[in-house]
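Look at the two complexes coming up: chain A is in both, with chain B in one and chain C in the other.
And then the complex of A and B:
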């Protein structure tokens, strides 16, 4: 199995830029847990695929992306983390599938963090058997990541699901629909601003030539290297976490996030999977709740936590032209 | 106008874990620059905090010995600010659900005992250290201390004077060292004290503060100053006195306007100086750290930790009184400091083994005889503590061969040497680690107990001082000591004082 790995998943002794100018020369002193697992399973890492800065957008050169590599047979599968829907979009554009497992299934150790409570390594593939095979290899508890579930090994099998009895609903009414985008915006910006705080130009990565003091190093290194998108997201994050705005934005967003999860759980009491058009709101629903999701045939399908097999079965049947 | 100072303390102590709070690096003090550093604590991308369970248990222990409520579900938060010694750009701490709340510690001062309330105890990671290079405008960063676990113990504003503050810190040291939570060494930075101090007109209201919550006390306080850089008891006492005076003077004269600020303490100039005021205060943008799942601390875990607590100071005190038949006063001094109590037990342990035959005291399996224990207690409480104090050291930092102290006690009680010689030897053991028996031989310090020689010396002494004899006969028993001194001088300090005393008394009474 040939695998491409997004540039924000660290490989020991390789330069891992995470798509940023800040980490243009960052040679990682260690490998991500998933990299070790892939190597141990005898799978081959064929290339580092490109991403936008810290994974927040698609790389400018489409031909260097994970989805493109899989679509064109340069790799059989690829690992990438969805941020703000970029991975889902890239999969659709390149006509490949993308599997995002339940949050906490795959270790984030060695992943340049973007939105810690959402980040989850997913798999691009041309078919579900390949995708879930890779997922089996990389999934499982990691002592280096306190947010992974204690399950040591995951086994995925589409045959365990009776596809005929699977209850699905297309674009259900969602009471909190109008809150999804803003809640995601606030939480992702807040966490992102904290995660990129370590990039200060002091210890590694890009350092400005223009400094007389510590403050200069931090301010100029960040100003000169970050993209506008990163600056805006970071500023928004610091704003919603500021003392005056904390309750109004951040705290409220975390409360609504819990309600969103509750509402989604209610739907899953009646249905096994939800089929959505992969708009921004749909993407944030899957990401904020940590539920597993797949992109197939231009659709986003979400299942309950740890119900990956249902997605597996349904995905397979859809690819066969079942619907 | 009468003023009073109102103070609250924030005490940071380093937790005595082997490894850091969120990675496997050693947390030991004193390694070379950046030796105890890994990608995690130096802020490399992709690293996630892995919580040290032992740190949580030490936090629970800190709560147990300070009568605190242990929180059932704790979580960790990010405190965001930029500083070169902070590798990740945020400190991981506990704002929203600290591990302990509502504790108290009882302190003892000249005016009696008093309860100091604790608002909370929380766990957090330390930052690295900046090393300023001499003759250069740049600094180096040492991340050894980065992510070393700390607890911060936050008291209520229950202090009124420096004596209470010192008593509280000593009490905390005793409690935490005994429980194995921290070694609490102020000069090594494993205990750091910040003092919030304000003055107000003494209107008698502050007596009621002890029953009030913080929200009701704060509006009744003056402008609050936070004192930092206090790394000795001397600095703490001096800084409190200085700051109290400065604030009172500011209120009385109006020459200086008091502003809420952080002030450092300059030990050399003996004055406080402004470090930063409220306007420069950082907005730390606290928020829950999504990389660390909340930790559930259930009763079962708390009980397990409670059972694992070693013998605590008050328990050791009770045992010392019972086992060694020491006075409560002696037992208290010996057990207040864990290291001192350990030295005491090591010394008496050796006394048990080597002392009995020489003293012709029947060997007892129960342990050391009470009068030997008392002798050991006296040497340690008086001589040792004095020596350590005069050297400006802490008892934790000294090395002393307890076997040699035991030997010394044996020699004193066996009347081989007299007390002045013993004191000299004690100091030599402390400073130069000499062997007492060899030293006695080499310096010819064995006591002269030969009755004929002593009789002669006593006769001479009495003959030389007829006035003294008169005084003695008139009932002034104190002159006996002068005669003893005179005999000792004649015998170059080596006479057996007990025998000399007896002979002199006998002679004088016969005259």
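And then the complex of A and C:
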């Protein structure tokens, strides 16, 4: 199995830029847990695939992305984290599948964090058997990531599900639909701004040449290396977390996040899977709730936590019909 | 109206004039949407900060040196004698 690894997942002694000028020369001092697991399973890492800054934007050179590598046979599968729907879009564009497991299934140790409560390593593949085979290798509890579930091993097998009895619903009415994007924007900006606070030009990464004081180093290193998108998102995070706005925006968004989860859980009482067009709102629904999702045939399909096998079975049957 | 100057200072990020214009548009667009959240009743609803169980990870009280000082300093823009070097902070 040949695997490509996105450039925000650390491979010991390799440069990990996370798509940012800030980390242009950062040499990973250790490997991410998933990289150790891939290697221990005898799978081969063939290349590092490119991402936009911190994974939140699409890479400038499409031919260097994970989805492209998988689509063109440079790799059989690839590991990458969806941020703001970038991975889903890339999978659709390159006509490959993407599997995002339940949040907390795969360790994030050794991943350059973007939106910590949402980030989850997923798998690009050309077929579901390959994708879930890799997922089985990388999934499982990691003492270095306190957000992983205590399950040591996961078993992914499409045959465990009776596809005929699977109940699905296409684009169900969702009462909180109009609020999804705002809630996601607030929460993602807040977490992102905290996560990129560590980049200060002092201990690693890019350092400006234009400084006299300590503050100059921090401000100029950040301002010269971050993209405009990163800067604005960081300012937004700072804003929603500021004393005056915290309750009104951030706290409110986290409460509505719970309501979103509850509403989704209600749908899952009646249906096994939800089929959606992968618009921004659909993406935020899958990501905010931590539910597993797949991209197949241009659709985003979501299931309840730990119902990956239902997605596996459905995905396989859809692919049999041909992409 | 959002005071970008204060946010720049808190975020330790300076925006160019062009970026300031883009940021103003971004804030205007989103804060208008954010204000709609007030329409939703969240009385007695607990915040959902993470969907994972977040159980405490306990371990023996034995130091666990994962990465050596030398290895970490390899990435430092400037270092000397095992320390990061930064400009003088105290005059």
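Basically, the second predicted complex is superposed on the first by the 321 of 323 C-alpha atoms of A that agree within 3 Å, B and C clash if a C-alpha of one lies under 4 Å from a C-alpha of the other, contacts with A are read in each partner's own complex, and residues count from 1 in each chain.
Going forward, a contact is a pair of C-beta atoms (placed from the backbone, for glycine too) under 8 Å apart; a residue touches a chain by one contact, two chains touch by 3 or more.
As the structure is a computational prediction, the values presented were derived from the model and not from experiment.
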If you stack the two complexes on chain A, which partner ends up touching A:271: first (chain B), second (chain C), both, or neither? neither
If you count the residues of chain A that each partner touches, which comes out higher, chain B or chain C? C
Examine A:182 and indicate which partner it touches, taking first as chain B and second as chain C; both and neither are also allowed. second
Based on the superposed arrangement, let me know which partner A:198 touches: chain B (first), chain C (second), both, or neither? first
Go through the superposed model and pick first if A:214 touches only chain B, second if only chain C, both, or neither. both
Can A:243 be said to touch chain B (first), chain C (second), both, or neither? first
Under the stated touch criterion, which partner chain does A:18 make contact with: chain B (first), chain C (second), both, or neither? first
Once the shared chain is lined up, is A:306 touching chain B (first), chain C (second), both, or neither of them? neither
After the superposition on A, what does A:113 contact: first (chain B), second (chain C), both or neither? first
Could you tell me if A:280 is touching chain B, chain C, both of them or neither one (first, second, both, neither)? neither
On chain A, the residue positions that both chain B and chain C contact, one per complex: 26, 29-30, 117, 143, 146-147, 193, 200, 202-204, 214, 218, 238, 242, 254
Spell out the residues on chain B that touch chain A in their complex, using ranges where they run on. 39, 42-51, 78, 80, 82, 84, 87-90, 141, 283, 285-288, 290-293
Of chain C, residues touching chain A in the complex: 2, 4, 7-8, 10-15, 18-19, 22-23, 26-27, 30, 33-34, 36-38, 40, 42, 45-57, 59, 66-67, 71-72, 74-78, 84, 86-87, 89
Seen from chain A, its contact residues with chain C in the complex are 25-27, 29-30, 103-104, 117, 143, 146-150, 176, 178-179, 181-183, 185-186, 193, 200-207, 211-220, 222-223, 226, 228, 231-232, 234-240, 242, 248-249, 251-259, 261, 289-290, 305
Residue numbers of chain A touching chain B in their complex, please. 10, 18, 23, 26, 28-30, 32, 108-113, 116-117, 143-147, 190-191, 193-194, 196-200, 202-204, 214, 218, 238, 241-243, 246, 250, 254
